[in-house]
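Structures incoming, each one as structure tokens.
Next come two complexes, and both contain subunit A; in the first it sits with subunit B, in the second with subunit C.
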Partner chain A sequence: MHAATHSDALLRNGSLAALASAVALLALVVGYIVWESRIPPADGTSLAGFLLFDRWDPTGQPPLLGIGHAWMATLLVVGLAVALATPLAILIGIFLAEIAPPAARAVAEPTLQLLAGVPAVVYGFVGYATLVPFMERWLPTGETLLCAAVILALMVLPFIAATAAESFSLVARELRYGGLALGVSRWYAFSRITLRKAAPGVLAGVILGMGRGLGETLAVLMLSGNSPLFPDSLVSRGQPLTALIATDLGESAIHSDRYYALFSAGLMLMVTVIAINALVIRLKQRLVGAERH
Partner chain B sequence: MQNVIDLHAGARDALLAARSARTARGTEVSDALYRAAAWIAGGIGVAIPVAILAYLAWHGLSAVTIEFLFSVPRGSSLDGTGGIWPAIKGSLALVGLGLVPALLLGIGGGIYLAEFNRSQALEHAARFCIESLAAVPGLVYSLFGYALLVVAFKFKISLIAGAVTLGFVMLPLILIGTHEALRAVDPALREAAHALGVSQTYMFARVALPVAWPAILTSIVLAAVHALGAAAPLLFTSATVFTREPLGLFKPVMALPTHLYFVTSEIGATVYAFGSALVLAALILGVSVFALLLKRRHPL
Partner chain C sequence: MTLPLRAVPLLLLTVALNAHAQDSSIRIGGSTTALPIISSCAAHFMEKYASWDKADASLSKDQTVVYVTGGGSGFGVKGLMNGTIDLGMVSRDLRDSEIKTLGGPVMQVFARDAVAIASNAANPLAAKKPGFTTAELVGIFSGQMAQFSQIDSSLPAKPVVLLTRDASGGVTEIFQERVMKKERLAASRLQFPSTAALIKKLETSDAAIAFVSAGAVGQDANLRTYSVDGVAPTQENIVNGSYSLNRPMLIVAKPNPSRKAQLFMDYVLGDCQGTVKEMGFVPVRAVK
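After this line comes the complex of A and B, so read on.
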């Protein structure tokens, strides 16, 4: 008995220590990135200039450290990617939740999981080898924000589809069958009953996809053209936030103004993604909560 | 007057009958379209990963030889000749080393949440922190690893800095996977064990773990595979374009995903690059399929 309580205490305290360390590491990551950030990044720069108005010209005279162009490119790429992926993802969600026989679902679900597991750099490479030369036939350059957005759409597709399928199947069967029993079409029942009940879940999936897209680095780095100018259209070159950080950190002296600017950009990226994550959790809770009542 | 009403009623019935026949046909057509659209969408979802792998195999299979896998790149930099062995070796070393802290803290934390914790508030708070950690982009981990490990700890760009950073990437995935797997164990089993008066450790080792281990192992393998394909965390912590030196804890290393990135940006989509992409994609998809099959063969 004594031995048993001894090993109990060991397992309990050991695992508690592990959990505490894991949570402390999160605090360390957030804290250290904050510690290494300066917003605005240098004396004589303003917050508005850093976020919106200044160009990115760290070697100019005077050096300019604006990341507005990168935010713009990120919003364009992620917005378009999610807009492209969502309709297909909803249809895949319908397929998984309503239409697919068990055998088909047993193939489709893990395959989508595999799609989510393909590394970003492989997506970037495939886009570089296929989409870029394809677009060069019509455009002056193939490496554009549009190109990055199309590949990013493929990357966020499985996340949105899985969340949509999950929330569609949470909608009570009685409601769906009740609607269908009234003789309406399946589309009518879906759009008026299932989709309405599942809307917070679908929204959660879309927002989750945006979070993934915001932090995505390699694919947009390889496909967006990586030029630090304000993008004037979707078919111009651009430099999303992650591509800016990945390109410039290697050229920045440690603890220079440029270094602080890049860490501040990283901090904003991290805070945005964590906020998005919290929002997704809340939306999902609301969906499950609504089902219980 | 009565006649008029009858006439009205008759006309209305006829009209209703016609309309319901029309809507019935409309419903059939609409349902068929609905089903077709869903099947097509599902088909596209399945086809994309298959198409990516087939495309890479089509262009890259001819490059992948024993020599390609097990020799070093020739020339003084990346010129698309020779093999990718240093990248394979580097990737395995990075993930293997990174797994040590990730397993310790991930499995340990998951065990505490599932087996010992009785507080809902703590569970919610801890899960929120861990899920936030899982959502943080790899590039931000790379910044963190650069500032703390490479600069402040003076590790330089090195295998150890990259491995620890990859550990950060894997830790939340493993912790969440362990927690979920243990939580999914049938409560009746636990109650039965509890009624027999066994200790908490005994219950964990003899009741919960035997049921939950395949799901835990699957989440570990998927986390490792995710880290294996991640280039962003390595960019500022361990990556080098080219090295001939043997592995060393404090030396920069090549890795498969960063290698693919550097090769593509230096020499473009050549057969050598396709071969590198194929090796990386096949390795990751192959191991993921194995992990998913493992989970399916041993459902909770």
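After this line comes the complex of A and C, so read on.
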């Protein structure tokens, strides 16, 4: 009796301490990035120049510290990757939740989880060895934003598909059977009941994928050409924000203008991811709320 | 509030460094051009002296371990500053600010290399041009001559693909300083994290042209180099200085290097000079 209360308290305090230290560490990281950021990064640079108009050429004379090209590359690559992956992921989700026999499901679901765990460098290397030479039949270089986006789509696909399948199978059986009992077609029951009910979950998967896509560094660095160029099309080369930070941080002296610019770029990437997540949470609440009426 | 915030990573770093100091190994990092030379030297060094006391009787009987990693010339200096490595490989002269921060480092030129203009042997320029003038190079690498037809009017209007090391590479700095001067490198260039990665791309792309270590290209039968202002990047021209784009390859230590680090530096300037030559670079001492 005594021992039980003792271990209860230990567990409670221990888990509380673990939570507190995790939150504190997170706050420390966020705080450090905010602390080391300067927007605009240097005297003589403007906010608009930093975010949109200036080139990135920190070793030229005078140094230029614009990250507009990197924003554009990130948006194009992640946007296209998610756009390519989402329809495919929903189809996989439908198959797994509605059509696949249990045996197929038992194989497919762990496979998806395994795919989600493949390191980025492997995807990057496979893309570099296959897709890049393939695209070079038509383009001056196979390294393009399109190439990076196709491989990134493969990387985020398991995340979106697994979440979609889970959301579909979580929709209460009574609801679906109730629909079918009213004599509607299987497609009607799926699209009007299951899909609607599961939409917030699917959306969460899409956002999860987008989050992974925004943060992905190595594969996009290898496949986009890592050119500090303002992209004018999807077959243009580019340098996503993460690639810019990874390429240049090693060369920037601590507390130099370039260092501040890169930390500011990191801060903006972080703020973007947080903003997207916040938006999703609100969207999800609204969808769930609408479902109740 | 700001002080503890900054103290934490520092504290972690100090802990990590103390762990290093007790190690029986030396750590080397930096220039990816120098990496194959120094890796090979390190392997020979560890073969020759299985334990430290065999290299110098005053040292312990611990097994000799020399770690060699890349990271670029920039890392070779930076890693030395923050104590991540014991010796830095740097393929360019150190900047005054770097020498100041390191507090008068020990610097040894162990080889010379040239920055060569190189392409695949199947590149359309290979048949047309034996070399380039500095002005042409500025035009090509600034992106003003973006098509082959702008370099030689008999060639098709196909885009030229520019390959460069990222800013961490020693070649980039030398090329900017001695060729580009005030002009900026074209934003459309592909940036590679290592010399090996760049050369791999150069081998497979017929439209690509790059400035890259002459020693690293010399090993490769699929690639060719071009002369600059009429001078070819041969060993003789690099040694006598007539090829202007040459550079020193340095091994750098903090002031008062450890006995182990000093032993390895001596080895690089001694027995290792043969390896320097074998790998296509120019040795600084007579090869035995």
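One rule holds in what follows: the second predicted complex is superposed on the first by the 250 of 293 C-alpha atoms of A that agree within 3 Å, B and C clash if a C-alpha of one lies under 4 Å from a C-alpha of the other, contacts with A are read in each partner's own complex, and residues count from 1 in each chain.
To be clear about the criterion, contacts are C-beta pairs under 8 Å (C-beta built on N, C-alpha and C of every residue); 3 or more make two chains touch, one makes a residue touch a chain.
Owing to the predicted nature of the structure, the values given are computational and were not obtained by experimental measurement.
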Partner contacting more residues of subunit A (subunit B vs subunit C): B
Subunit B versus subunit C as contact partner of A:Y32, first or second or both or neither: both
Which superposed partner A:G60 touches (first subunit B, second subunit C, both, neither): second
Partner chain in contact with A:L229 - subunit B first, subunit C second, else both or neither: second
Touched partner set for A:L96, first subunit B, second subunit C, both or neither: first
Contacts of A:L182 with subunit B and subunit C, given as first, second, both or neither: neither
Touching partner for A:G250 - first (subunit B), second (subunit C), both, neither: both
Contacts on subunit A seen with subunit B and repeated with subunit C across the two complexes: 28, 32, 221, 250
Contact set on subunit C toward subunit A in their complex: 2, 5, 8-9, 71-72, 74-75, 78, 158-159, 161, 166-168, 172-173, 176, 182, 184-185, 187-193, 204-205, 207-208
Subunit B-touching residues of subunit A, taken from the complex the two chains share: 4-5, 7-8, 10-12, 14-19, 21-23, 25-26, 28-29, 32-33, 36, 88, 91-92, 94-96, 98-100, 104, 107-108, 110-115, 117-126, 128-130, 154, 157-158, 161, 183-188, 190, 211, 214-218, 221-222, 242, 245-246, 249-250, 254, 262-263, 266, 269-270, 273-274, 276-278, 281
Residue ranges of subunit A in contact with subunit C within the complex: 28, 31-32, 35, 55-61, 69, 133, 136, 140-141, 143, 221, 225-230, 237, 239, 247-248, 250-251
Residue numbers on subunit B that touch subunit A, as the complex places them: 23-24, 26-27, 30-31, 33-35, 37-42, 44-46, 48-50, 52, 55-56, 59, 104-109, 111-113, 115-116, 126, 128-133, 135-141, 143-144, 146-148, 151, 168, 171-172, 175, 198-202, 204, 222, 225-226, 228-232, 235-236, 257-258, 260-261, 264-265, 268-269, 273-274, 277, 280-281, 284-285, 288-289, 292, 296
